[in-house]
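I have a structure here, written as C-alpha cells, and I will follow up with some questions on it.
All chains are identified by letter, namely A, B, C and D, in their written order; residue positions are counted from 1 within each chain.
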Amino acid sequence: MAISGLLRCGEVAIRVFDLDEARHHYGKCIGLIESYEGDDDKIYYKCPDEHDQYSIVLRKDDKPGIDYFAFKTLKDEDLEVYEKGLGEFGIECNWIEAGVYPKSGRRLAFTLPTGHEMHIYAHKEQVGNGMATLNPGTIPDEGYIRGMRTVRVDHLLVGGPNIDQNREIFEKVFDYKVSEQLISHEDGSRLAIFMSGSNKPHDIAFILQPEEGRFHHVSFLLDSVNDLYHAADLIGKYNIPVDVPPNRHGVTRGATIYFFDPSGNRNEVFTGGYVHYPDTPTLTWDTTELGRATFSHDNLPRESFLNVLT
Amino acid sequence: MAISGLLRCGEVAIRVFDLDEARHHYGKCIGLIESYEGDDDKIYYKCPDEHDQYSIVLRKDDKPGIDYFAFKTLKDEDLEVYEKGLGEFGIECNWIEAGVYPKSGRRLAFTLPTGHEMHIYAHKEQVGNGMATLNPGTIPDEGYIRGMRTVRVDHLLVGGPNIDQNREIFEKVFDYKVSEQLISHEDGSRLAIFMSGSNKPHDIAFILQPEEGRFHHVSFLLDSVNDLYHAADLIGKYNIPVDVPPNRHGVTRGATIYFFDPSGNRNEVFTGGYVHYPDTPTLTWDTTELGRATFSHDNLPRESFLNVLT
Amino acid sequence: MAISGLLRCGEVAIRVFDLDEARHHYGKCIGLIESYEGDDDKIYYKCPDEHDQYSIVLRKDDKPGIDYFAFKTLKDEDLEVYEKGLGEFGIECNWIEAGVYPKSGRRLAFTLPTGHEMHIYAHKEQVGNGMATLNPGTIPDEGYIRGMRTVRVDHLLVGGPNIDQNREIFEKVFDYKVSEQLISHEDGSRLAIFMSGSNKPHDIAFILQPEEGRFHHVSFLLDSVNDLYHAADLIGKYNIPVDVPPNRHGVTRGATIYFFDPSGNRNEVFTGGYVHYPDTPTLTWDTTELGRATFSHDNLPRESFLNVLT
Amino acid sequence: MAISGLLRCGEVAIRVFDLDEARHHYGKCIGLIESYEGDDDKIYYKCPDEHDQYSIVLRKDDKPGIDYFAFKTLKDEDLEVYEKGLGEFGIECNWIEAGVYPKSGRRLAFTLPTGHEMHIYAHKEQVGNGMATLNPGTIPDEGYIRGMRTVRVDHLLVGGPNIDQNREIFEKVFDYKVSEQLISHEDGSRLAIFMSGSNKPHDIAFILQPEEGRFHHVSFLLDSVNDLYHAADLIGKYNIPVDVPPNRHGVTRGATIYFFDPSGNRNEVFTGGYVHYPDTPTLTWDTTELGRATFSHDNLPRESFLNVLT
C-alpha cells in the first residue's frame, strides 16, 4: 500500500533520424544528461533530478515514433502478478532477461490494445541526482542543471485505437485511476483518457487515433512557470519548431509548451497541475469545450496538436 | 536632469461601445479601480500602484479606438517649452484650461504627424496607492489588488503614417530615445519605432499604418511571469478574446499577452523587459526576423497582431 | 497498488484559546475556507483545492496543541487491516462510529508510541474545490482563493519520545518510507524522521522530544515561491509572529515560512520539494549539518524551531 | 530632459584581502563576468546585462570597504555643470584625465560630506551584453548568465555623518529625489535617506554613521523572486556568510538577501520594488517601525544590518 506497483514511466525509447542532431536537441537544448554509453546507434539520457541510470533512449532509425515505453514497478515479484492480470485481458507477455536492457533487471514486455509495446521492470541501477545521500544540500554543482532545467520525465501521451481497453487494463491490472477524460458531447465516447497512479494529475494518457502505436509526446517536468518561460526563451533561441507556445492545459491544469525534436517527435515541458489522489473526483470535458480542455488561456483547440503524431 | 520632462503616458482615453460590458472587462476581469465619478458616458480607472487619480478613461461611442492619450510632465512650465519645440516642427498647440479634464491641471493639446491627439499636463490630483505615506508597509488591504493584478499603465502603441516624424519630435522636443526599431530589410525604412524616456524599454511605440490615428494597444504592467500566467488563466476563464497568448517579445524582452476588450480595442499585460538608459545601444530588428522580433518563443509573426487596430 | 492505503493527513484538530482570534488568523490571514458549521466551540476549514468537507478543525481550549490528527485511507476495509497490523505492535484501537465526526465515515482511533492520538477514516463527504467536475476550467471564481492562497494541507510534524517506534509502525503497517532522517553524528540515533507514502517528500514527520503528544506544525502547500513571498508579505502586514521567515529546508528541499497562530501553535507555508517515490534513496543528515538540514539558505539552526512545540 | 544627467552608479571599487578568494566569490558564486584585465592587484567585472566594460573593481588591500564609487552621466559637458554646482556647496573637485581609469573618459572626483570619494564620468567603452544589436534575440548563449544570475548593479548604500548634506547635494546638484527616508520618531532627524534619479526606488542611499566613508553594501539586480531563491540556494551551498536571508524591505518593497564577501564587505541581491517617478510621494518611516521598514516579512530590525559596515 502507500505507493506500490507501477511507479512511473521510467523509460521512453524514441526513434530519431540523426544522432548528432538529436544530441544537440536533447542534450544541449533541453539539457538532458548523457548517462550511459551503449550501442553506437543509441543515446541514453537522464534528467538532473532522476536517480535511475537513464530514462530516455534515442535510437537511430528512418522513422520517428517510439519503440516502446517502460514503467518501473516497486517490486520484482509484481511482474508475475502483472503477467497474470494481463493474461486475463488476453494480453500475452514476453520475459526479457536482466541485462538485455543495460543496467536493467528482467522485464515483462507486451503489446497494449492501442498497439504500443510496453515494458515493466523493477530494477535499474541508480546513479543519483548529482547530490550525496549523506548531507546532500539542496542544489547540485553548477552545470549539472542546464538547458531547459528539466527535473524529470513526467508523463507520456500515446495514440491508437481501443483506448478504452487500455484504460480498463490500467484500472484493473495496475490500479491506475482516470483523473480526467475528454468525451464526445454527441455520443459520450471517450476521445482521450488521462490516468494517474501517483499524486501527479497524469502518468500516462491515451488519445483515440485510428492507427496503432502512435506517439504523441513525452513530457519533462520543470520547477516553475519561470523555468517554463526560460525554456521557451531557449526554444526560440535555438529555432526549435514549436507546436504550442506557453499555455495552460484545462486537463491537469499544468502549464505547458509543445515543441518538436529534429525528427518530428513531440516534446513537452510541463509544470504545475494539481495534487492528485485516488479519491480525487474524475474530471470530464466534453467536445463542446475542446479548446478549454486543451489550451485554457485562449480556449482554442490546435489542429496540429490533435492530429500530428509520430 | 535625472528624470524630468515627459514622465510617462499618464492617461489613455479609449472609446467603447457599452459601458456595462466595458466595466465588466476593465473593472472585474482586469481589476482596474474605478477612481473617479464623472460624466455619465465615461468611466475613470486607475491601476492599484498608481498614485494619480486616473489613468484610463473609457468613453461610450459607436466607434472603438482612442480619443487621445496624455503624458504627464514634471513641471508646469515644461508646457511652454514643449509648445515652442512643437512649433518648430509646425505643430500647432491648443491650451486646455485646468479642470476641463477632471482633477487635471492645464494641458497642451496637439496632433502628432501620425494623426493622434496628444495632451501634456503637469498636474493631476493624487489619491495614492492604497498605502499610507508614513510607515506604508508593503501590501495594501486584501481586495485592493484584484483581477489580473495590474501594477500600472506601462506603455502605449499607436499606428499611423509618418512615424519617422513622430520619432523626430519625441527625440528633439522630448529627449526620448529610440530603444528599438523594426526596419524593412529591403530598404531600411522604419516600420515600427519604440521610444523610451525612462528606464523602461519603451514608453510609447509607433507602428507604420496607412490610416491616421489608429490605436494598437495599451499595456498594463504586471509583477511577474506568475502573475502573467494568472492573468492568462482569468482571460481564459472569462472567455476574453485573445490575440496572442503568453509569449515573449523580442523587442523589449518583455513577457506578454494580447487580448481584446468587448469593443475590439487591444489590451496587453506585460512583465519584465530590460532596464533601459539613454546610453543603452539602440537595437534594430529587420523584417527577416519579424517573427523573433515580435514573438520570440516561436518566432512566428501574427497577422492579426500586425494589422488589427482600432 | 498504485496509491492505496493511507493517502494523506486529512484532518488536524488544533486547540486554540479564542475562536475569534483564530478565525482572523486561519480565515482572514491564511485564507482557509470555513466549510462546515458544527458545535459552537469548533471551526471547520478546508483549503481551496481540497475536495473533502474539512481538513482543519479548531477547538476552543485553554491549552494549545493538537487533539488528534487523522489520515484518510483509500478503502473502508483498510481499517480492519490496520487494526490488525497495529495490534501486532501492541497498539490498541478504538472504533468511532460514522457521524461522530461530522460528514465522516467510521474511524479507527489509537495512540502512537509518541503519545499522539491518530485516526484513520476512509470516507468524508466531498464539497469540491470551487470548480465543476464537468468542464471545470482552471481557476475558481475570484475570492475563492484568498489570503495566503493555500492549495491544501501538505503535512504534519509532531514531537515525542519513541519516534523510532512510530517509524516502524508507519513502515510496517502503512508501508510508508523514510524519505529523510536527521541523526546524531555522535551515536547515529535518529532525532527526526520524515516519512512519505506519496510523491511528496514527506506526509508526516516525527521529531524526538522528551514529552509525549507535542505538536510542532501543520503545513499548508502553496503553488510557487511567488506565492510564498506573497504569504510573507501578509504575515508582515498582519503582524503575525514569525518563527522563521522565507528560507529553504535542506530536508525535502521545500521553500518554507514558519509562523505562529494567536495561541502559539506553529503553522508553515511550503512550496517545492522534490518528487518522491518509494525507490528514491533515503537521505540522511547528521547533526554536523543541522543548520543546512533545517535552513539551507544560511545553514543556521534555529533554537526556537527545534524546541518550541505546543 | 527625459533621463539625463547622472544615470546610475556605474562603478564600485571594493577593497578585498585576497584576489583568489574574491574571484571565487564574485566570479564563481555570484557569477559576475571578468571583463577587463588590468593591474595585477585588480579584478574588473561586469554583470551579464550591462553594456559598459566594467562596473565592479576589486582591489587587493589589507582593509575592506570601498575606495570610491562612480556615477555615469549622460553627457561629458555635464561634468562642468556639476563642478560648478558642487562648488556652491563648498565641494572641491579634481579632474582625472581620460584613460587613468581603463576604458573611461575623463572624470570629476570629489569627496562627499559623508567622507566618500565619488567620481562622475560620461564615457566608458561598451562591450555589450552578450547579444547583438541587430536582431539580438532575447537570451545570450548558455553560460553567459551564471552563478546568481545577476542582471546589473542596482544601487549602493554608504554610511557616514552629514547625510543630510549629501541629500541636499543630490537634490540640488543632481536633481535626485528622496524616494524614502527613515526618521527618528523622537526628533524627526533623518537616519537613512534613499534617493532616486531613475525609475528605480533608489539609486543610492545614505545611512547615518559616526565614522566617515563607510560602505554598507552594493546591490545586484535579479530578475525574479525565483532567481532570488536560486541565489539563496547557492549562498547556502557555497557557505557564504549570510547577514539576512530572503526577506522583503519595507523601504523600496524590494525582495532581498544580504551576505558578505570573504573580506567582510556586504553584498545584496535584490528584485522587485516599485516603479519610481519624481512625482511619486516620498515615503517616510519612523523608528517605531524600524523593523517593518527594514525587513517587512517579520518586522524585525537586525542589529548587524544596522551596524556592520566596512
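In the analysis below, a contact is a pair of C-beta atoms (placed from the backbone, for glycine too) under 8 Å apart; a residue touches a chain by one contact, two chains touch by 3 or more.
Keep in mind that this is a model prediction, so the values were computed, not measured.
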Farthest chain from chain A, going by mean C-alpha coordinates, please. D
Consider the two chain pairs A-C and B-C; indicate the one with the greater count of contacting C-beta pairs. A-C
For the pair chain A and chain C, the C-alpha centroid-to-centroid distance in angstrom is 31
In whole angstrom, what separates the CA-based centres of chain B and chain C? 47
Taking each residue of chain C in turn, which ones touch at least two of the other chains? 137-138, 224-226, 233, 236, 248, 292, 296
Interface with chain A, chain D side, in the complex: residues 28, 137-139, 142, 146-147, 224, 226-227, 230, 233-234, 236-237
Would you mind writing out the residues of chain C in touch with chain D in their complex? 224-226, 229, 232-233, 235-236, 239, 242, 245-248, 255, 257, 292, 295-300
Chain B contact footprint on chain D (complex, rising order): 1-8, 49, 51, 72, 74, 78, 126, 128, 133-138, 151-152, 174-177, 196-200, 221, 223-225, 248-250, 253, 272, 274-275, 277-286, 288-289, 292-293, 296
